[in-house]
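You will see subunit A twice below: alongside subunit B first, and alongside subunit C after that.
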Partner chain A sequence: MGGMLGIVAAAILGVVMMFVGLISQKSSVIRIAGVACFLILVGVTAFDFSAIHEQGTQLYFNNMLSVGIKASWFNVLISACAFIYILIFNNHITKVGKNDAEYFALMLFIMVGVFMLSTYNHLLILFIGIEILSIPQYILAGSDKENIKSNEASLKYFLMGAFSTGILLMGITLIYGSVGSFEIGNIATAFQGEVTALPMIGVILLIIAFGFKVSAAPMHWWTADVYDGTPTAITPFMATIVKVAAFIGFINLFHGAFGNIHYSWKLTIAILICVTLFIGNITAVFQQSVKRMLAYSSIAQAGFMLFAVFALNDTAEKSIIYYGVSYTLASIGVFAVLIKLKDYTYEGFNGLGKSHPLYAITATVCLLSLAGIPVTSGFFAKYFVLTAAMEQGLWLGIIVFAVLMAAISIYYYFRVIRAMYFTSSTEEITIESNPMEQILLVINAVLVVLLGLFPQFILG
Partner chain B sequence: MIQNIWLVPLFPLIGFLIAGLGRKQLGNAAGWIASAAVLASFIVSVMIFFEVSAEGFKSIDVHLYDFIKVGKLDIAFEFRVDQLSSLFLLIITGIGFLIHIYSIGYMKGDVGFGKYFAFLNLFIFSMLLLVLGSNFIIMFIGWEGVGLCSYLLIGFWYHKKEYSVAARKAFVMNRIGDLGFLIGMFLIFAKVGTLDFQTLETLSFKGVIAEPGYLTAIAFCFFVGAMGKSAQIPLFTWLPDAMAGPTPVSALIHAATMVTAGIYMITRAHFIFSFSETAQTFILIIGLTTALVSATIAIRQNDIKKVLAYSTVSQLGFMFMALGVGAYTTAVFHVLTHAFFKALLFLGSGSVIHAMSNEQDIRLMGGLKSKMPITHSTFLIGCLAIAGIPPLSGFFSKDEIMMNLFIHGTYGKVFWVLGMIAALLTAYYMFRLYFITFLGEFRGGDKLKSHLHESPALMTMPLIVLAILAAAGGFLGIPEVFAHDAHWLHNFLTPVIEKSLALEPTIHHLSHSAEYIMMAVAVSVAIIGILLAWGSYKKFDAKKENKGIEKFFEDKWHWDEAYENAFQKPFMKMSAFAEKNIERKGIDGGVNGIGKLVEFASDKLRLLQNGSVGVYLFLMVLGMILLFIIQLLSNG
Partner chain C sequence: MSLDLIIFIVLSALTLASAIGVVITRNPITSVLLLILTFFCISGHYLLMNAQFLAIVNIIVYAGAIMVLFLFVIMLMNLNKDTEPQKSTMVQFAGVISGGCLLLVILMAFQSSGIELTQTSTTVSNIGLIKVLGKKLFTDFVFPFEISSVLFLSAMIGTVVLGKKDDDIATAIQDS
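And now, the complex of A and B:
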């Protein structure tokens, strides 16, 4: 028993959540139900983890799913992150539109896709997982139906997502055409030494498809518009949990199936790293809206996570999980403060340090972590992925370039901090303080620091 | 007690913290607390000294904790307790304590009273680290610490511009020396990968660092460090200027302890210097030149402290001469006696300055003998000691240096003659100072005259104690010719430098009669010096201008001006040029340019994001095609 119960539970809970919406229209009931669902999900994945811990790797459905210790540990962590997100944002989610319960249900369905991406052992499951991950997102992006920007985001995301799905399918087809199997293990065995042009094109198409999902440049165009247009309560979920899951899928495929032909795709990944870091960081500098800046910063962070894809070693597989958790928690912390403000520009943050010191300090800790300042987990996250890439023998110039780009990122992250502490506001910022939420934000900020102090908790 | 050696530096550190943090609240108590801290250190040092002087004692490294442990680099925070360090502990804490007590009287009423004692304690702490360190790193921490305290105390009255300039000068000159020290450490580490004295000694005598060129380079670098700290030509001009600090500071830091750090360091690192004859000869020549040059300057100075300062430089030169001929214990012996009589002389001069309402010009003094009996008699003892009149301490140590010079190699006798000239000058300038200051008529006017008084007991007690030490200190090193095996200090220190001593070719001792003759010569030279001074200065004409060579001496050989023209002015010009062209245009321009470039790129890249899905897809496909092209090209 145990192993893929997470997928089952997420699917059932999603359906349950839709029924809750039928039974009650009260947002308080729906919120409690939503929080409970995600709590159960954490419990179930934890149960899965303990089962896998005892029994070892489990295979399901004719080897289509393979649940290993790393994957199930990732499931626990990502569910816990989702739970923290729901705890902090459930209030805001119900304010987005009218169909409150459906938003929670869609997120639970997304979790099904997340778990599939971490455990797939078959290219069809990968494809299904990606679609399950994406389609609810198209809907969520447009959940604020009255808002033209939200509608625009939804449509743009869908159109471009459809385009990338085509590329993904094309890639899978080419791989299947040359191997004759969808199974990861078979592909790995087939691809040894030199490969012919056909599968090589397939591999690059897959890189492009995944690059789209993780918003790596030059496939990143949708990111800023979609993240910006999506209701602020939803954006952090898309920018963190979904993106990290896409990375896990990315790594599983490229380390598992294409590990033996690393030579053929490392150049492409290296180029993606450089372009993504450059575009993400440089464009973020000029943004006037903090929300849009965070969208570009999520592109920049993806550039760092790509280092883990590049590096074919144990450090990389551990560090992507660490990076994902660290990045997720820090982003949630910043978005949680951002959503409180009426004005999303930098000026909107003016004087927050004086008027709401607690919100300001938690946001500061999270921004420091995103910028990669030591002691926070963000520093070690960057450190680990760069170490992994160094071990793999990535050209040192790219590492230096990445560090320089991280230095640029300090500029736009610290602009927020400067606005909060060193600029006084002309008008009073009114924020309804919620003690429960404040406690959660403090816990979140403490977690960001604690993970930096004890990275072994996730790595070990 | 030896395992508790950490107590010795701990007390002054605590004293520093208390006096420093409570400097506003404590008032006069700060002085007493600081003194008590040093006294406590002194007591522990005495206890350790007795343990160390026990029969058959072997040096002990007391490990406190691992200071730096990264990869191959392993620096322990470790104290080395042996005969050499325990002797220095006594000098530092003993004389340090006397000077602390004296300072309570001297600094009374100064606004920076508490700060002064905090710095003084910090100095003692750093100096103790310097002598206790069991490797070059710990020694270097102390080395830098004393440099810092010296800077802080020279510029203690920083509101006077020339004082802070003097402090800066001392700091910069010391930094030049420190650079030598650092490079020396790097050279050693690069070769053998350790900086621990014990290990280095073993390795060195096994011949691991045997390339003579490399060894000489190391020795030379360390000697540059010693030059800076111990004010040798060419890095000596800071010490006379350092007299800007309060007089007890001059006594403690710039006479008795810090400036002898160079001698200590070379003795500690004897395992390097003993292997490099070139470096030793170099040290000998520098020491001799310094002794002569600064003695000539000292005979024409009119500031009481300047005379003593140049005298200190000259005496340090004597010590380096001893090191140059490999006579480590002799050098340490002179450090010891010099600490006694020079601290005494400085404190005596402080007492005079105190009475003269901070007037330091000896041309305005005279006839102080009757007004200040204790200061006068103790000062006289100091003068006799430094001049080398038996049986006072200076005679013994200086005689030993001369003897070692005489028997050293082919040119030993030449060095001896030159050394004797320096000794003659020593007696001359000291007694010139004495005659002008204490004998004759008072020349300072009636107003000053009415103020003249003997200093309080707090100040005269240390003078008396130091006078006794300066008088009797020489008996620690009675030469072989007077009594067999009576040179206590030599026997005491031998275990430290045993291996270096074994290297020396069997020293052909002089016959007893020859030694007696040389002593007679030395004493007569001293007496001649005194008589010459008496001839010229029994009647002092304050208005007489110096001419010719005398003027040249008075102007300190124009060293400062030479440095200014040779280094300072060109350097300033270079700086101004660099500031204008490299800093403003180059670096600032570059940094701002990068910022502008990023903004520019950001501004342009932002425009690509125009919101149209068609454009996005087009750009994406363009990117894909480029990726494919690159992949194709890379596969050839």
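And now, the complex of A and C:
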């Protein structure tokens, strides 16, 4: 027993959360319940992991789910990240709108989708998993109902997302049409050596659909508007946990099912990487709002994570988990400071280093990690994905290009740091700070550094 | 030429014609009515493939419920005139070219893949029956079937969360 308890627990806890909203209208009660739910989720996934650790890979429901050691370790880490997110942001989430309990419930349902994407072994489960991941997001994006930008974000995300779902289904259909099975293992055995054009179109369509979900260019157009329009308390969840889960789904499919025909899609992915890195980084340079800059930087980070899809080896599968966790923690740290400010432009950060040194320090550590400065985990994350690509061999050009783009990214991350420390502000920034939150931010920043010092903790 | 093939060709021609009509007609009402015709034709295809239950459900859900919803929206928003905004010729041209490319690629793929289009055997014909389908759903496909409930639940929450009128918002709108 054990292995898929995470899915069950997340679904049940989501329903429990709705009942909490029914029983109590107080936001403090709902917040505590939300934090407790995510804590339970971490416990359950850890229990799953220990069970899998003893028994080895488990298959459920006629091979529809295959819970391996990597997948369940990923589940533990991603629920821990979600727990940290909820701890830091819970009071901001309840300020977004009137339906506090439902927001937490929707996030728990998203976790169901996350666990399904990490453990699926059947294209039908992949499809339902992606839908469970997406639909609550459309709602969360529009949760600030009075704000026209939030409405725009929700509608835009919904329409574009529905379109990409259509493309995903078309791809799955073509794959099924040529193999006659939905199972990852059967597809892998069917695709060996030369394949005909029909499944190839399916593979391309799947790349497009996944590229949309992980916001890889040129399918990135929705990202900036959606991340910008979504309430700031929700954006980090969408930009980190959901995106990392989509990447895990991406890798499971392309390494598991299409690994034998790597030659046929690696060029497409390589082009996708270059375009994503270029557009993400260059556009981020010209942004005036830090929130929009972070949206474009998340596109750029997706470009790096695509390296893990590109490189078909064991290092890649480990490094994506490491990259995901490192990127998630760092983004949460930056957003946690951003949400405190009234002005989201770079000027809004002016003088933060003097007035609120603690917030400035934690934000700086996280920004350094996003930029990939050594000692922080961001450096090793980039190092590991690029190593994975190196092991694949002969594609030095794009690795040099990626390093060049990482250098450009330093410009816009350091612009925030410069605003905080080297520019004085004319008006005093007032931030209502509570000690609990400060402690959490410090813990988050320390984790970012510690993961950099001891990457073995995640990779091992 | 067997009867099946004749029916198939007629149905396919009708489906394609009405589907193209949905896109090119400028009047929304005509568009919706043609869409209903398309769904009926697709149901016909399902019947040809021995999927009786699917055919019925397709008519009830799509042609029945969803199309009525479409017509309601058109009626309530008074969209019965040709209100489609003019798009620039450049965009239209680009759309035609890229769509045409996709069509060409998929056609060539089907041609080169060498899949034989075989007739669905009518001997094992009970696969589309509701009894067999129900058994499949509750044995082999019980997990996707059950987990879909999470999907629908979150969609329902969404309808309530986004659609419900918050008291504060209502007063704020009245004040402004």
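As a convention for this text, the second predicted complex is superposed on the first by the 459 of 460 C-alpha atoms of A that agree within 3 Å, B and C clash if a C-alpha of one lies under 4 Å from a C-alpha of the other, contacts with A are read in each partner's own complex, and residues count from 1 in each chain.
Rule of thumb we're sticking to: contacts are C-beta pairs under 8 Å (C-beta built on N, C-alpha and C of every residue); 3 or more make two chains touch, one makes a residue touch a chain.
This one's a predicted model, so the numbers in the text were calculated from it and none came from an experiment.
Trainee: Please work out whether A:347 is in contact with subunit B alone, subunit C alone, both, or neither, and reply first, second, both or neither.
Mentor: In the superposed model, A:347 contacts neither subunit B nor subunit C.
Trainee: May I ask you to decide whether A:391 touches subunit B, subunit C, both, or neither, giving the answer as first, second, both or neither?
Mentor: neither
Trainee: In the superposed arrangement, which partner chain does A:200 touch: subunit B (first), subunit C (second), both, or neither?
Mentor: After superposing on A, A:200 lies in contact with both subunit B and subunit C.
Trainee: For A:271 in the superposed arrangement: first (subunit B), second (subunit C), both or neither?
Mentor: Only subunit B; A:271 stays clear of subunit C.
Trainee: According to the contact criterion defined above, which of subunit B and subunit C contacts more residues of subunit A?
Mentor: Larger number of subunit A residues touched: C.
Trainee: Could you tell me which stretches of subunit A are touched by subunit B in one complex and by subunit C in the other?
Mentor: 200-201
Trainee: Which subunit A residues qualify as touching subunit B in the complex?
Mentor: Residues in contact with subunit B: 156, 159-160, 163, 200-201, 204, 207-208, 212, 217-219, 221-222, 224-225, 267-268, 271, 275, 279, 282-287, 408, 411.
Trainee: Sort out for me which residues of subunit A touch subunit C in the complex.
Mentor: Contacts found on subunit A: 7, 11, 14-15, 18, 60-62, 64-65, 97-99, 102, 105-106, 109, 112, 116, 122, 124-125, 128, 131-132, 135-136, 138-139, 142-143, 145-146, 154, 177-178, 196-198, 200-201.
Trainee: Any idea which subunit C residues touch subunit A in the complex?
Mentor: The touching residues are 105-106, 108-110, 112-115, 140-144, 147-148, 150-151, 153-155, 157-158, 160-162, 164, 166, 168-169, 172.
Trainee: Quick one: which bits of subunit B touch subunit A in the complex? Just the residue numbers, please.
Mentor: 598-599, 601-603, 605-606, 609, 611, 613, 615-617, 619-620, 622-624, 626-628, 630-631, 634-635
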